[in-house]
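The structure under discussion appears below in the form of structure tokens.
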Amino acid sequence: MTEQRSQTGAPLHHVVAAKQFTRELVSALFARAQELQAQLPGPPRRELEGRIMATLFYEPSTRTRLSFESAMLRLGGQVVSTENARDFSSAIKGETLEDSIRIVGGYADCIVLRHPEEGAAKRAAAISPVPVINAGDGPGEHPTQALLDLYTIATEVGRLDHIRLVLVGDLANGRTVHSLSQLLSMYPGLHATLVAPDRLRMSPNLVAQLLAGGAEVEETTDLLAAVENADVVYQTRIQTERMVEPWTADEAELSRFRITEETMRGLPASAIVMHPLPRVGEIDPAVDDDPRAAYFRQARNGVPVRMALLSTVLGR
Amino acid sequence: MTEQRSQTGAPLHHVVAAKQFTRELVSALFARAQELQAQLPGPPRRELEGRIMATLFYEPSTRTRLSFESAMLRLGGQVVSTENARDFSSAIKGETLEDSIRIVGGYADCIVLRHPEEGAAKRAAAISPVPVINAGDGPGEHPTQALLDLYTIATEVGRLDHIRLVLVGDLANGRTVHSLSQLLSMYPGLHATLVAPDRLRMSPNLVAQLLAGGAEVEETTDLLAAVENADVVYQTRIQTERMVEPWTADEAELSRFRITEETMRGLPASAIVMHPLPRVGEIDPAVDDDPRAAYFRQARNGVPVRMALLSTVLGR
Amino acid sequence: MTEQRSQTGAPLHHVVAAKQFTRELVSALFARAQELQAQLPGPPRRELEGRIMATLFYEPSTRTRLSFESAMLRLGGQVVSTENARDFSSAIKGETLEDSIRIVGGYADCIVLRHPEEGAAKRAAAISPVPVINAGDGPGEHPTQALLDLYTIATEVGRLDHIRLVLVGDLANGRTVHSLSQLLSMYPGLHATLVAPDRLRMSPNLVAQLLAGGAEVEETTDLLAAVENADVVYQTRIQTERMVEPWTADEAELSRFRITEETMRGLPASAIVMHPLPRVGEIDPAVDDDPRAAYFRQARNGVPVRMALLSTVLGR
């Protein structure tokens, strides 16, 4: 297994799972990301000039792809890209993921992989001649999303310990919620309030992990009460497309988990609202102009965080 | 509303509608475009090095996209690109245009937007954190096409005043024809001859605008007579895909609006034939080698005109 | 006809067919490719800075596209790209290949064309204002694949004369096999053993060409016997998608043409196994770790070979 847990700033190679990010590595990456962000857009950088990143996407994810490509270009690097990587493994040509990775690894200096199957990134890393960065493997991991979420909390709230986190929405299927709560539980004093429709509650298994990591966990369906002492309200989308059994959500039930101007009135002045985006109604657009609405800044943070990651993985 | 009407070379921000181009701005842009074109391909330029343009296309338009990308790269800039922007707003993920623009505006320094709905560019400009350039919004506007058309007349005919313009084909649905005639009517002495099938005549509203702008307008179905004194014959494609009611064109009727070698025999030696392309039979390929056939030079002019625009919008 | 047969290092213009590569040109290109490969990834190169390559793909071929793009970027050049070039010629917009080439030729300094119809590259070259490089035209030619195959033999076997070549699989439809055997027959002493299912034997016409070029040719269905004295075993995929009559291959029959660990035991220690990839079972993955399995190195060779070609075609 080629996956690495790096120590204190030691270079990363493959980036497959959020659990690779130790506190020391997070610290080093965030210091670098802040430094890079302070200089954006700024004069052209050349530190990755002559280096090529391949984006190999077996399912479309335009936001994630553009964010990675922007990060690479901002460092002076170059990009080759495919949004149709399924062509590699079509009924006609039937190539394995492993073969595709070996081939693309001969064209590029790192591979950003998006794949619908859990474990795809780990399989790719096991045979790739160049670093593989997991940009989401189905219900599995999306470690760079978790990292930019954590970065957003660090820069907006100003600390990572003793965070009062309210997780709202689909806590059963949302891999971002899982990865983020996992990362946050590395820091002391995490208090997580879980606010989900009954059918979409966090799995007992993950709740147990949070508790084992030292977090306090409570569950409620009362969003208004939950946000009153929050530092961070993390809202998620109901990912019906990832559900095994089809589910037609009950509008009235869902509306109780929506963030509106009323919710914002109950939220502390120093708290923030996050969302991995896209949203489809879970947050009322009337909230967008509230300075505590951090979700577009969160999306924007993807670029400096991925710049820090790419410069660590590919830096000479 | 963030749309701007710039004065004498003052920097542009959003480029949404052809009416933003004043005579002074046109003059400055064309001077810049000619200077840039004279140096093509030439040694590498670096004036936009470190800057990123995003192309966000909700419907495919390969010509327009490649022309913009080429312009950006020729200036030393970089590009992130999507031809499948509909994924942003798919049934599954359902994101609004506004949200997509805010997100992409966090990744890039300007957004080139193509969208099937009229008014999309204006909506985007109203909330975008970076300049938006309209690359066509359905039946609405396509201002950079109008600009390169005007540039083609300026460089090929040598002037923009007292132009005898013959507009041929679909004058009801063709947004290029509308924008170009609007731009040309800023200059004195425009004489427009409209040659269209009865069903595809220019709207009375637009004819009235041309007259109000000081142009002389006449309508005919006799193409051969119309071209006799022309400076510019602007041919368009019958855009059946944009028609509200389906229409199966009558071949015999359409053939009267086709440019053939016979048409060229009636055309003055100094006149030119233009077409926004693609063509699907409106101009006989036998005409291509005639030096007055300017449509491929017109397409090529897209690059220096868009370079001038991008360097004005993004220049430091 | 604008196609050229270049002499001793003289610059190439269009690259349409494998027969354009004379021994002198091959020699010059391979010397350049080896020099470039030795420096990969290495410090950034700038020799094609400011130059733009357009990839115009009318059918997807992600490997070929990424390999060309990587080659161009490694030389400091830039790329504009379309995987959906069919949009150019859709039912709605119906543009001819010739018109598309003329337009894209106004945006880029060379065009890499992939097209499903035989002869498309030649048609494109006949009217293109910039060099056209054929990246596969249906059952026709794929000259850069033939060139990288030849390069793989030259660098792995160490010579191009007196090669004992075993061609296995679909010898009726595989254009790579045709082009490679054609190129190899420029060198003295070629011995070709053809191993194919009865239905997929090489055409008598091509066999006659090989014989006329001075090669020895034998045919067999006994793969194990054939590989015993081989220098190169070139395995191909059964391209059912290019067959005129549908064919459901007989698994038992096909298994006799598969390369397995047993085949490798019969293969000389100095021989290599090649495959244009993708493979769909013709080579057992258990063979991948054998140092004689050259197919991934072969794919990787696409980059320096295409770099050599691009720098010859576009070099100032």
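Note that the chains take the letters A, B and C in the order they are written out, and that residue 1 is the start of every chain.
We adopt the following convention: a residue touches a chain if its C-beta (ideal position, glycine included) is under 8 Å from a C-beta of that chain, and two chains touch if they have at least 3 such contacts.
Quick caveat: nothing in here was measured; it's all calculated off a predicted structure.
**Student:** Looking at subunit A with subunit C, do both copies bring the same residues to the contact (over half shared) or different ones?
**Tutor:** Subunit A vs subunit C: different; shared/all numbers falls short of half.
**Student:** Through what angle, to the nearest 5 degrees, does subunit A rotate to match subunit B on its C-alpha atoms?
**Tutor:** It is a rotation of 120 degrees, to the nearest 5.
**Student:** How big is the gap, in whole Å, between where the Cα atoms of subunit A centre and where those of subunit C centre?
**Tutor:** 40
**Student:** Residues of subunit A that contact two or more other chains, please.
**Tutor:** 81, 83
**Student:** Over in the complex, which subunit A residues touch subunit B? Could you list them?
**Tutor:** So the residues of subunit A touching subunit B come out as 41-45, 60-63, 65-67, 69-70, 73-74, 79, 81, 83, 240-241, 277-281, 285, 296, 299-300, 302-303.
**Student:** Touching subunit A in the complex: which residues of subunit B?
**Tutor:** Interface residues on subunit B, with respect to subunit A: 46, 49-52, 54, 78, 80-85, 87-88, 92-96, 98-100, 102-104, 106-109.
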